[in-house]
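Okay, here's the structure, questions in a sec.
Going in written order, the chains are labelled A, B, C, D and E, and every chain counts its residues from 1.
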Amino acid sequence: APVKIGMITTLSGGGAGLGVDTRDGFMLAIKRAGNEDVTVVIEDDAQKPEMAVQLADKMIQQENVDILTGIVWSNLLMAVQPGAVAQGKFYVSTNAAPAPLAGKGCSPLYFNAAYQNDNLHEAMGQYANEAHKKMFILAPNYPAGKDSLTGFKRYFKGEVVSEIYTKLGQTDYAAEIAQIRASGADGVFMFLPGGMGIAFMKQFAQSGVETPVMGPGFSFSQDVLPAIGDAALGVKNSGQWSHDLDNEANKTFVDAFKAEYNRLPSIYAMQGYDAAQMILSAAAKADVKDTDAFRAELLKADFQSPRGKFKFNTNQHPIQDIYVREVVKEGDTYTNKIVGTAFTDHGDAYAQDCKM
Amino acid sequence: MISREWTVNAALALALLAAAIAAEAAGQVFYITLATRIAILGLAATGLNLALGLGGLVSFGHAVFFGIGGYAAGILGSHAFSGDPMIFGLEGSNSMPLIWLVAALAAAVAGVVIGVISIRTSGVYFIMITLAFAQMLYYFAISWPAYGGEDGLSIFVRNAFPGMNTMKPLSFFLISFGALMAGIAILAVLRGSRFGSALDVVRQNEVRAAAVGINPFPVKLTAFVLSAMITAVAGALYADLNRFVSPSMMSWHMSGELIVLIILGGTGRLFGPMAGAALFVLIEHNLGELTERWQFFLGLILLVTVLFARGGVLGFLAGKVRHG
Amino acid sequence: MAEPVLQISNLVKSFGALRATDDVTIDLHPGEIHALIGPNGAGKSTLIHQICGTHAPNSGTIRFMGEDITHLGVAARARKGLGRTFQISSIAPEFSALRNVMLAVQARQGSSFRFFRPVRSDASLTGPAMTALERVGLAGRASLPVAELSHGERRQLEIAIALALGSRAFLLDEPMAGMGPEGSRALTSFLADLKQEAPILLVEHDMDAVFALADRISVLVYGKIIATGTVEEIRRDPAVRTAYLGDHD
Amino acid sequence: MTAALAIEQLLNGLQLGVMLFLMAAGLTLIFGVMGLINLAHGSLYMVGAFACAAVASLTGSFWLGLIASLAAAAAAGAIIEVLVIRRLYSRDHLDQVLATFALILIFSEGTRWVFGSFPLYLNIPSILQGAVSLPGGVQYPAYRLAVIAAGGLIALGLAALITRTRLGIRIRAGENDREMIGALGVDIRTLYTVVFALGAALAGLAGALVGALQSVQVGMGEPVLILAFVVIVIGGIGSIKGAFLAALLVGVVDTMGRFLLPHLLATVLPPSEAGTIGGSASSMLIYIMMAFILAFRPRGLFAA
Amino acid sequence: MLLEVKDIATFYGASQALFGVNLAMEEGEVVALMGRNGMGKSTTIRSICNLTPAKSGSISFSGQKTAKMPAFRVARLGIGLVPEGRRCFRSLNVHENLVAAARPGRWTLEKVNALFPRLAERRHQASMTLSGGEQQMLAIGRALMTNPKLLILDEATEGLAPVIRQDIWAAIRTLKQDGLSILVVDKTLSELLPVADKCVILENGQSVWSGKPAEITEAVRDQYLGV
């Protein structure tokens, strides 16, 4: 039966790299499946919530898509998801995973194929217990930043010597780095996505402060590593996936991605790829118009994820292993290598609030 | 006397109305949504037009009032939905007229505060200080956890309007369209009135205004506040249209876009903002389908418009403005 | 003698080290033209600015019709009936001549905070405005945007605006400037009549006009009044001749 | 909190100030002196950073990259001046806002078209790597010291250009009355192109210098742009001295706010909330300061 | 022939201001351009300087056709303009105003300061705060500093005190003796006519009369100048 997928993602402006990887990973899976029944329309949300809503309306009302996907940012997803599920459409998230949608605001039609936002931060909290007693933690001052530090603290048992919220979009971190130097912390956890993280790491490397830095995988994913360069080497970060993960599905994915796009896949590419695989697996067995059947198939997660094992929790967010990775240089490329496992079969803290 | 401009204006308004009705007839719901968006953005820019077009107050922070309106709808609506009381134990409400009133009053308060400080400055300083206030509130909204911060606030059920089912796209369009027409009518009356004359002379030459006994400050402040109120009502409608409100409604991009709408349509023209909104929304909608690089071409189109099509859409359709 | 309409006492205004107005005391009586002459940069315009309220004096008082207005704003003084013209024309460039004058009528009638009634068809505005334009001989140009008026015509418009304000005293800063010989003559006879309506403080360098019109003349040099008197007294005053008049007849 | 930390933060504030000035320098020239609101200034800044990163990665030399950034931004500036900006001087601010807003879109998407969607790598030249020890036991990154020096030099050079040279006098005369300066025989058109290109080159240089400390990516110019405007407006338009002092003021207030507000609040609130509220307050701080200053001095601190 | 204006027509947007103006000046001549308010004197000057270029007709200066030249090139051919309304550069100080467009030649800062000592006194004051008369002196000084062959004075004595006006007329006479050509618009005929070699009268945008000052009869005055 035909399935029409509407992908809304960020393809212009500063955040475009993430959307491009999401799209490329997603389309790789679609292409490899060669399923004529599945069609995808893609549009650019320019990282604006209003734009995303408009596109969602257009896709639902005009293009008659069955499934929406692709949004990178929590605030855009928060704008689109309620309307989409209210109009009876599936939403499969490739990245954004704000807490409300995992808890009280969960919906039978809403799946997250990536993680719950807190997962990677929780993993670093867990990992930090191994070697650190006093942590300095910082994140931008917005909901995802707060969730991040909350997630970290949920598992970190040592002392948090300082908890700092920086301005969203800040580019100079001298003041924060000076505080790190003075704090006596033995480790730094930072969640600074995109350009903020690049700036922080470069400045940190120049500062002469030696405290080890760690963070969630998005701050050190393949799309930004080349821009940070040497400054990122040795940094520990968390991820539910890494390109060196040793399993068949992952090898296939990484090789196919490299062959198709001539670059290493980032975590966003993998997430796009998996979201597509998941939809394809359900489409092969059920008609998307039969909502209940289709949902049941989605829930089975019957596909080979490059992550290895993967299943859904009651709130339709993943239960999966979260790894600790280290930034290394392989030849000329900066990339991540798995150095440990923080959690196995890890769900999230909000599933208990989800009443479906 | 029916001038060419009025013929064009009437044609534009009827075209928008007809487009929505035709879309309803053809079952093309999305086009109603587009028409609604045009009406609402047109209203927001009409509000700004009072300050900017008539009063020469180039506010680069009007998105703040748009956002305040949006949050009025979001906050009142979500409290009405959840049944939790707000501060001071006030009840939420899902009644649009009440929400609009609250939006306008909140914007008026903000407008007075911002205006009293900003209007003392002029020219570029004014542009920048309004931008600064907008940035201030923008950062506040981003980090203010109670109503979602940067994630924004969803309105699960569109607020209600007496006697209409607002969830029906055409009904909501008609409400928005009515609001737009009312906004334009308010501007038309103001412009022709003594207040409008005073505002106009203050824009052209403040020294002269003062020398004939018209104190520029209260005139400008009044225009600024009225303008904020209209834009706030548009913001409330916009939140209801998207069923969502977030700080991005207050971003400087939004302020810039409101200015773009006015210039695109024709500065100082009554129907300019609506014409500009129509053009902008259509360009955005169609370019996005054609190419991923749509922003590049949008830039080019805007550039060509400012450089070569002075007077915008209305200048093109209805000729140069006549002053008198 | 009747109570002065305008009474300026011991006014001082400094710009940095420069005393542009240096303890000036001067008044204006009903029905008179009091001419203020003096070299360029003597402080005549500065004095007018202080009377109108655009500059605040450092000390001294300004009384208008018995009331102390030293601390009132510009607009408030205008509404009390201080009509002024600018040395360099200052008008609303996009409006027609008529609407420029209508604004003055509107301000005189009171509040500008009336939001409904359209002004264009408001005969209570257009009527008096037209009359004012007619009086200065600009009626034929009433509907022209003022950007299209010539320099001299703008000077006439300035006077029309002051007339329409229903001023109780006129402060005219070089009204003859830019008028052709014909215009100057016409204006001279016009002002000779106008003073019956309200007294005029006239700043002017056109000595033919000043000597023809003034009831009294004060001479301002370096911010100080060095002489006040009738036309004849001033003409003969040797200090005035060297400081200002030169060998003017 | 120790005295050493306070001193270091003060230094950081001054340093941020100089960096802000560096970013604002070109804008002061164009905006303050030519009277043009150039929202696309941030785009020129981005052009400089991208040119530097591209050339540096091609040749391996940061210094060649720096030259490339000057050249590329100046060229971009000259081109947009001739094609676009030239038609805007006589227009009101409104048209300038719109046209340069359009230029932002064009530059951002154009850059992404050429360089792709991912941030580029631009690192500090090796001789300026790492931190140096300053008296008082403060460790300070060498590169930041170099940036401070560059900012200071540019401030002095610009001030001299504007106030001492005939070029500067003519530019300012042109801003007062373009027609008149032309009627006196000055080719103000070409002069403005040169000045605009110069302003653009300064933006490009700032982009390259600051880009090495931050992230070279599309849209990097936008936050800078608004801050730079804030700086210029606080300082008083047209005043290089004002812009410089305002930049330092903004730098110090912002840094100290980020640093002290959470600390102060932590005395009355739990640390997590102090962090959040302090964070919000400090991100609004410079805007509050700007509103406050303009409320009392509507033409900035050092208006010309 | 220094300046030759032949049958020019000039428009402001759609409205026509000049309908055929003719004017010719020899080197060293002082020509008075006369006419009532609004007859097109200033417009003629704007057309000569190419500030409002003529739509038809031709203008040549020093043997060069000026059509299509940008205004600054026309100025560099040797025209120094003192415009109606002064138009000093507001935010520049007196000194800066004088040097802004200066070109080398006989007129230097010292000579201008000697001509108008008042300007030397106010050297560092922003020109917008000068008194009206001071601004007028500045505008003349500024034009002289470009060392023009032809000086154009549009109402250059407007608003000047009688003593200063006498000085300026004296200066104009000196300039004339030095061989400078001058085109003057001024309303004080009693001062203007004695220095003028030739007069051109405009009415409604047309040149209607030209001749020597002595030839201006009562009838001509009555008809065109309204005196």
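Keep this in mind: a residue touches a chain if its C-beta (ideal position, glycine included) is under 8 Å from a C-beta of that chain, and two chains touch if they have at least 3 such contacts.
Molecules present, by chain and UniProt name: B = Amino acid/amide ABC transporter membrane protein 2, HAAT family; C = Amino acid/amide ABC transporter ATP-binding protein 1, HAAT family; D = Amino acid/amide ABC transporter membrane protein 1, HAAT family; E = Amino acid/amide ABC transporter ATP-binding protein 2, HAAT family.
Model, not experiment: these values are computed from the prediction.
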### Message
Starting from the defined contact criterion, work out which chains touch chain A and chain E both, please.
### Response
D
### Query
What is the minimum number of touch steps required to go from chain A to chain D?
1
#### Entry: Pair joined by the larger number of C-beta contacts - D-E, A-B
A-B
### Query
Most remote chain relative to chain B, going by C-alpha centroids?
E
### Summary
Cα centroid separation, chain C vs chain D, in Å, comes to 48
### Message
Using Cα averages as centroids, what's the distance between chain B and chain C in whole Å?
### Response
44
### Task
Could you tell me the distance, in whole angstrom, between the mean C-alpha positions of chain B and chain D?
31
### Geometric centre distance via CA averages, chain E-chain C, whole Å
28
### Task
Return the residues of chain D touching two or more other chains; collapse runs of consecutive numbers into ranges.
108-109, 276, 279-280, 283
### Summary
By the touch definition above, chain A meets two or more other chains at residues 11-13, 141, 146, 165, 167-168
### Summary
Residue ranges of chain C touching at least 2 other chains are none
### Each pair of chains that touches, named by its two labels
A-B, A-D, B-C, B-D, C-E, D-E
### Query
What residues of chain B sit close enough to touch chain D in their complex?
52, 58, 60, 117-118, 120-125, 127-129, 131-133, 135-136, 139-140, 142-145, 252, 256, 259-260, 263-264, 267, 293, 295-296, 298-303, 305-307, 310
#### Entry: Touching residues (chain side chain C, partner chain E) in the complex
15, 37-45, 87-88, 148-153, 174, 177-185, 205, 207, 243-248
### Query
Contact residues on chain E for chain C in the complex?
12, 15, 35-38, 42, 84-86, 118, 122, 129-134, 136-137, 155, 158-166, 187-189, 225-227
### Task
Show which residues of chain D lie in contact with chain A when the two form their complex.
1-2, 4-5, 8-9, 12-13, 15-16, 19, 108-109, 112, 117-121, 123-124, 129-131, 139, 141-144, 210, 212-220, 223-224, 255, 258-259, 262, 271-272, 275-276, 278-280, 282-283
## Note on the structure
chain A contacts chain B in the complex at 11-13, 43-44, 46, 48-50, 53-55, 57-58, 61-62, 74-75, 78-79, 82-83, 86, 98, 100, 141-144, 146, 165, 167-168
